[in-house]
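Quick heads-up: structures coming right below.
The following pair of complexes shares a single chain, chain A, combined with chain B in the former and chain C in the latter.
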Partner chain A sequence: MKITVCIGSSCHLKGSREVVEELQQLIADNDLKDKIDLCGTFCMGNCVNGVNVTIGEEIFSLKPETTKNFFETQVLKRI
Partner chain B sequence: MNNLCTEIDYRSLNKFGEELCGDHVDVVEQGENSSIIVLADGLGSGVKANILSTLTAKIISTMMAQSMSIEDCVATIASTLPVCSVRGIAYSTFSIIRIIDSEEAEIIQYDNPHVILLRNGKNVEIPETVLEIEGKTIYQSRIPIKRNDIFIGMSDGAVHAGVGKLLNFGWKREDIIHFLETLYDVRFTAKIITGMLLDQCGKLYQNEPGDDTTVCTIKIRNREQINLVVGPPANPNDVRKMMSLFFSKEGKHIVCGGTTSSLAAKFLDKPIKAEFNYVDPSIPPTAEIEGVDLVTEGVLTINRVLTYAQNYLENKGSYGQWRSKRDGASLLARILFEEATDINFYVGKAVNPAHQNPDLPINFSIKMRLVDELSDCLRKMGKRIKVSYF
Partner chain C sequence: MRKFDTKVQDLKYKVLREVARHAFEDRLAESFIDIPDIIVVGNKPTMRCCVYKEKAIVAERIKLAMGGDKNNPNVIEVIDIACEECPMGGFTVSDACRGCIAHRCEEVCKRGAIYFDHNQKAHIDKDKCVDCGQCAKVCPYSAIVNIKRPCEIACKVKAIGMNENRSVSIQNDKCTACGACVYQCPFGAIMDKSYIVDVVELIKQSNHNQNYKLYAVVAPSVSSQFSYAKLGQVISGVKKLGFFHVVEAALGADMVAMTEAKELSEKGFLTSSCCPAFVDYVRKEFPEMAEHISDNLSPMATIAKYIKETTPNAKVVFIGPCTAKKMEFQREEVRPYIDSVITFEELQALIDSRDIDLTTLGEDVLDNASYYGRIFARSGGLSDAVREALKEQGLEDFEFNPISCDGIEACRLALRKASRGNLPNNFIEGMACVGGCIGGAGCVTHEERDKNEVDKYGEEAFEKTIQDAISVLK
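Let's turn to the complex of A and B:
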């Protein structure tokens, strides 16, 4: 599974670095490094709703504080 | 014709308690490849010395630029400088370094510490001939210049640094050469060398210089063209035109901005590989596109580079911040400040709708202002800047 996090200017200011770090931590904690491919992308053109994160084609709007919830509700069920 | 050019930087420490500096440096550029640099040190200190050295440097640089002989210059100075009422003489020492067609250096020196030449980091003694003009002993030299040659001129404040305090006999010319040879790094810009030497003089004087101290560094280097594109064009139909002009230029290519890098990647038909290298938490990571030398985020990165540029120009000594780090802003700063001599900016004027959000500290006018201010700073560093808008 591929999770892509936007690291463009706007998402960066809204906390994409924290989102990335949290996801990296969660993936490591759940021992999912082989199953999840976490990568970054520049602007997705959807800055108003940032931080933008996609799983496949599906787009999600995250905040650093909602990342854990996103991981538990969206990522884990897709594994 | 070779590809060499000169990078010139000079700075002074004023004698402790003086508002004016008694040393003066004047630079006259003659066309693209020749320049005349005069460092003059006026008798005494304060206002009087300032006037003497300014007059001397200006007279010599102007006359030399008009191809007048050194004899005429010296005669003119001797007969026009105001005579000091205390000492009954008109006096200012000088060093002239003249770069001719980026091929040869002519050095003429009168009573200043002799110009130091570092060639590949090692001191080279410059052969001199002695002239007697108007009773003054003047040393003249002509030598071919090579890439990475560094000429360092200084006033006697440098060799007297620390005299009677930290050092018995001051910081002798040999000591300065040793200091420079030890610290030498081929990547140092003229500005960094001037700064290092002058900071050391300041330390030896324990921050209370006993004399005006001036260092002038001239680095001979290759011209290096850098091209930087930031922002998509106002008219989306101009993307191809903008990108093909940008990529057809010689030299390194830097792409700044998320949307801009997608456009560049599309133009080159290569994927973008974004990285998670958060070296500096406030600077978004860089990315990679085959065929582009550096891909960074836009406004936040350039804003940081601008801060570095302003500090660098004001000698705030924050070199450490960008000289070694690997974040986008530091990488960009190193290329623009150290590598580049000629920079072409390709600035797209499209408005990013996402940046119009009033909650964000970035917007369109800030982006335009950033590029303007950065190019001003780079011009002040002696770079040749061209900005094209799309």
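Let's turn to the complex of A and C:
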């Protein structure tokens, strides 16, 4: 599964780094390193709703503090 | 208001702007021959002997603005008819010579090149003179002057010569495309080829970023440019032109700082590889030192590589202060990542060709890099970043002893010592332009305050450490 986090300027200022770090941590904690491919891209053309994250084609709007919830409700069920 | 340092830049800008305007409006091919009439108006000459010559020169500038001579691999080209064939006699005795009886000039000249006429006035025998300049130093009247062409003075790699018609010629095997002569020629007779038409095409073909995403990678020296608008407005302007997103080349610099620090600690001695004119200079004049050039791609190429690897269907245009980048992006190892290169001068022309008034735009954001990536734009910044990167990677034990060289003369000195094995330093930060990238030939302005602007911009970075800035990149 491929999760892409937007690291464009706008999302970056809203906390892309924290989101990425949190996701990395959660992936490691859940032993999903070879199941989940985490990547970055510069801008998804949806800056106002950042931090933007996609799973495949689906787009989600995250904040650092909602990342855990996103992982539990959206990521885990797709594994 | 926008401003350039000189009228020559202003003229060049107008040509670029009109060429871009015609290209955007799909009428370049049929009506580029009308552009001289747009630029040279009326029938009173303001620059040359007559308006016909002025128009003829503008026509040559248009050719360069449209990519220049395809058979000349160099991006720096001479406009023959614009060259005023300035005198270049070297040391010459001027009218200020009083014909004194001390004859210090004669005394000091080791070559016996000084002789006197019946009025006791000094002359220099050019067959004997080696242009050492000692006579000029000792003359009590400062009557001996060194007559050189501004382009010749500007070119520290000695690539400037003269053709049989006395107009300037460039030796491509020496030229590093730094652009110093372009900026210094008071008649604008030397110009960098422009890829502005290619960039217009890239914008148009993307069809509002539907066919591919067009990224602009912007050099950190942007912070000292466009002083009439806010940086955020410049970013808005770039997007308004049709770019999908703007990314800081400084993030590439953060990545480079990390790998360069590691490479240095392993190899023990290194020269930087960020400045393409410096790298070219090492390869041409100190080939024995070429093995010590860092393996890193430049920050521009590094970040563009990342963009292309993570975003399918991306195209990248680099926007910076540098004419030598126009050579670099054509190199085999960089070509896959960078689609075109323009300078800040050319960005200004592009923006105005679309009648975009930056000062009326909202402020967009640009924030990817750390303080350290951003200060690469000025001399000393790269060394500071490598020091920080050593620290952040727990490599403080490595005794870092850098020398920051800005300007080719400083680079030459350090390289010569290093090639003889008597340079005390273990890292050469080489920048071809004085002051670093902020002194680049493609800058709109070159001012004293530019360094402070870069530092200020650096301090505004959201991420404070290099590690934090690059942690989002996997």
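Please note the rule applied: the second predicted complex is superposed on the first by the 79 of 79 C-alpha atoms of A that agree within 3 Å, B and C clash if a C-alpha of one lies under 4 Å from a C-alpha of the other, contacts with A are read in each partner's own complex, and residues count from 1 in each chain.
In the analysis below, a contact is a pair of C-beta atoms (placed from the backbone, for glycine too) under 8 Å apart; a residue touches a chain by one contact, two chains touch by 3 or more.
Predicted model, so just to flag it, every value in this text is computed and none were measured.
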Can A:39 be said to touch chain B (first), chain C (second), both, or neither?
both
Please work out whether A:48 is in contact with chain B alone, chain C alone, both, or neither, and reply first, second, both or neither.
first
According to the stated criteria, A:56 is in contact with first (chain B), second (chain C), both, or neither; which is it?
neither
With both complexes superposed on chain A, which partner does A:20 reach: first (chain B), second (chain C), both or neither?
both
Applying the touch criterion given at the start, work out whether A:9 contacts chain B, chain C, both or neither, answering first, second, both or neither.
both
Dual-contact residues of chain A (chain B, chain C) 7-10, 12-13, 16-17, 20-21, 38-43, 45
In the complex of these two chains, what residues of chain A are touching chain C?
5, 7-10, 12-13, 16-17, 20-21, 38-43, 45
Which residues, counting only chain C, touch chain A once they are in their complex?
209, 215, 235, 244-248, 307, 310-311, 364-368, 462-463, 468, 471-474
Going by the contact rule at the top, pick out the chain A residues touching chain B in the complex.
7-10, 12-13, 16-17, 20-21, 24, 38-43, 45-48
Residue numbers on chain B that touch chain A, as the complex places them
257-259, 261-262, 272, 274-276, 278, 281, 284-285, 287, 297-300, 352-355, 357, 360-362
